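Here chain A shows up in two complexes: once beside chain B, once beside chain C.
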Partner chain A sequence: MKILMVDDNPADIDLVNEGLRRCGAKVELCAIHDGIEAVELLRGLETASLVRLILLDVNLPKVNGQAVLRQIKNDPILRRVPVVMFSTSRAARDIRGSYESGANSYVVKPGGLKDFLSAVRSLSSYWLECAILPAGSEHG
Partner chain B sequence: MNSEYDILLVEDSEEDRELATHVLRKEKLANQIFTARDGEEALDFVFCTGPFSERRCDQLPKLILLDLKLPKVDGIEVLRKIKSDPRTKVIPVVIMTSSREERDLVNGYHLGANSYIQKPVDFQQFREVVKQVGLYWLVTNQAPVSEEHAAASGA
Partner chain C sequence: MSGTAVARTPAPPGTPGEVLRALIVEDSSSDVELMVRELGLGGFEVSYNVAQSEAEFRALVRANSYAIVLADFSLPQWRGLEALRVLAEEELDTPLILVSGTVGDLSAVECIKQGVSDYILKDRLARLPAAVRGALEEQRLRQERKCAQDDLAQKAHELARSNQELEQFAYVASHDLQEPLRMVAAYTELLAERYQGKLDAQADKYIHYAVDGARRMQTLIQDLLAFSRVGRQEMELSVVNFENVVDLAIANLQTAIVENKVVIKREALPSLAAVQSLMVQVFQNLISNAIKFRSSSTPCIEVKAEKSWGGWMFSVADNGIGMAPGYCEEIFVIFKRLHTQQEYTGNGIGLALCRKIIERQGGKIWVTSEPGKGSIFRFTLPGATTG
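Entry: the complex of A and B
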């Protein structure tokens, strides 16, 4: 199973990888650093069909997270892939705006290492073990 | 009427309603839980119509747990109405159903369901799933604040 993480901070990507490894999640984390690249990758159907969950930062270079989110949620095939906004922003505008654009969930990145890893554990146990994700889009 | 609800639980099975409510309260995940027995009651609650016309409509529940097979108005129609109205589309809606049909899953996500959970038949597993759902959506997830609250906080 592939998870796509769109984040311009390499340290956060490393931490998510570490968190997933610690909880034994059998996933491949595919990381992308800016919004344009993310949209291009998702438009490539072969790859899109393998991505089951997207972790998307709000503040990104080139194209911001909410614009990427809107592109995903306006696409008839991609829109079914759950998008979890994963950002340090606690601004009500970012949170509400994300839901308005169709985000499935919004998780604030905790500052401390321990809390960050426990947020990853929570994300992993909910989305990868509890929730049912749509199969790759080739089934649709 | 106190309308500051944590959860709107839409479920026609009395047993499932009672068990889910019990688990969410016992785990201290939610105190104010409103339960609706059918799709019509759920929509009246959310849109403050019919018996709920006195409810303050700007106070959105933090989470809606929605069964699909419901009397009067089915769950997919409830989802469609909530997600196509700008006032209510921001409320996280988690489908919780015994349906194993791929069509319901894809259709649910397509219409904007925030997540999809399969209700286990086993009692213990059901308890555990309700707990996991409550933990994620009420502790880990950040629910949207209402427009007025957002304006008041200067955001």
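Entry: the complex of A and C
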């Protein structure tokens, strides 16, 4: 079981790892720094079938998060993977645009350590344990 | 027909040796001569052209620059008053004096209303030089006024642009500062969690300073962002029930209210056109200030509203430490603080934000206070009660 995190900030990737470690989630965090790479990786079917959640930043180098999101949601197989936008931006246009492009949720990265770790715990417990994906999604 | 009448008396004051360029609309050459003669007697050296039709007139004003137009009220081909229209079409500000044998079908007052500088009867031609002087002076004043107005408009435009740039700068700066700062805050907190008490007392203190500094800066940036957002965003007014607004503000401050056993007294509040989220912010800032600057006695806050001229006046009164009247204006200036960070925490944005919110909605905010006797913050909002 994997979470794919697309984020160009290694410090945030470490914080998410720390959060997952603390809540004991049995999941592997797979981090990618830019949007093009993310879509390429997901297109390899085998990888996509193992990814249970995508955490996608909005501001990414090369291709921005919303463009990556549209590519994922326009793909008949990849679209089944839940995508949570995970970004510093509180701008209304980023939030609205993400939902319009098919985001399953939009979470603003909290400023404080405790809040950040709580957000990671809540995200992983909901999307990995509570959310029931439609039949067939596990294997594309 | 053109010519120059030689001055017989010195040039008028203010125009030494200057030749008065005149365009005369007249079909009688003897009347032209009479006018020029009178001007000469009045101290003007005149250089002039004569036009008898609209076409001639238009051609002349396009080709030359005139200080004054003297027009006969009625010519066989067209009326002197029409020259006004041509001047306007040619975007010329040249003053025009009507000179007429008789009072025509339009009264002198009517002509002046239409933009004629003066109206002179031919049998009172001795008044012409004074009328010309008057018209030239009036034009000079008009041009000065226009210059001043243009200048003012230009300055206002520049100010608006520079304000807008400043707002944009503040927004971008604070927005882009948030990201690296979030890293500093999160990782100093992580350091604190992991190494507090494991190094030495000095290290603990340093870590505490770093964590505290990063937290304060995060609050500062968020408040600055809110401040700059209020300046930029459109005020989308809707009918707001101020009972709800105060309920929400109080709910947001619940912890502080319970901790400090704050007593809040309220009177009935109206519904008015406003921006709800911003008004919650205003009440929240005012109430939280009243709690922060409490005296040793139980904090008591009174929220009221009364009808005032053209709208409503709200007040938030407290029994806190108050302040010297001399500070009552200063505290609304951004970053202005009356206390050290050790005495009272804060960044000096709260009241500046309140002022900006109120002013953006067409109101005013002020405070009356005395040390030891509490403060009363009042603000107005325009508009009638709705529901």
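As a working rule, the second predicted complex is superposed on the first by the 132 of 140 C-alpha atoms of A that agree within 3 Å, B and C clash if a C-alpha of one lies under 4 Å from a C-alpha of the other, contacts with A are read in each partner's own complex, and residues count from 1 in each chain.
The rule we apply is simple: contacts are C-beta pairs under 8 Å (C-beta built on N, C-alpha and C of every residue); 3 or more make two chains touch, one makes a residue touch a chain.
Bear in mind the structure is a predicted one, so any value in this text is a computation, not a measurement.
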(message) Under the superposition described at the top, does placing chain B and chain C together on chain A give a clash or a fit?
(response) fit
(request) Please name the chain, chain B or chain C, that touches the greater number of residues in chain A. (result) B
(request) Applying the touch criterion given at the start, work out whether A:S122 contacts chain B, chain C, both or neither, answering first, second, both or neither. (result) first
(message) Output check: A:P82 vs chain B and chain C. Expected answer is one of first, second, both, neither. What do you get?
(response) first
(request) Please indicate which partner A:A11 is in contact with in the superposed arrangement: first for chain B, second for chain C, both, or neither. (result) second
(request) Look at A:R96 in the shared chain and tell me whether it touches chain B only, chain C only, both, or neither; answer first, second, both or neither. (result) first
(request) Once the structures are superposed on A, label A:S105 by its partner contacts, choosing first (chain B), second (chain C), both or neither. (result) first
(message) On the A-aligned overlay, A:C130 touches which partner chain: chain B = first, chain C = second, or both, or neither?
(response) first
(message) Between chain B and chain C, once the two complexes are placed on the common chain, what is the minimum CA to CA distance in Å?
(response) 5
(request) Indicate the residue numbers of chain A shared between its chain B interface and its chain C interface, in ascending order. (result) none
(request) Spell out the part of chain B that touches chain A in their complex, as residue ranges. (result) 86, 89-90, 92, 102, 105-106, 109-110, 112, 114-118, 129, 132-133, 135-137, 139-142, 144-145, 147, 149-150, 153, 155
(request) Spell out the part of chain A that touches chain C in their complex, as residue ranges. (result) 9, 11-12, 15, 18, 88, 109, 111-114, 116
(message) Give the list of chain C residues in touch with chain A in this complex.
(response) 178-179, 181-183, 185-187, 189-190, 193, 215, 218
(request) Sort out for me which residues of chain A touch chain B in the complex. (result) 79-82, 90-93, 95-96, 99-100, 102, 104-108, 119, 122-123, 125-127, 129-135, 139-140
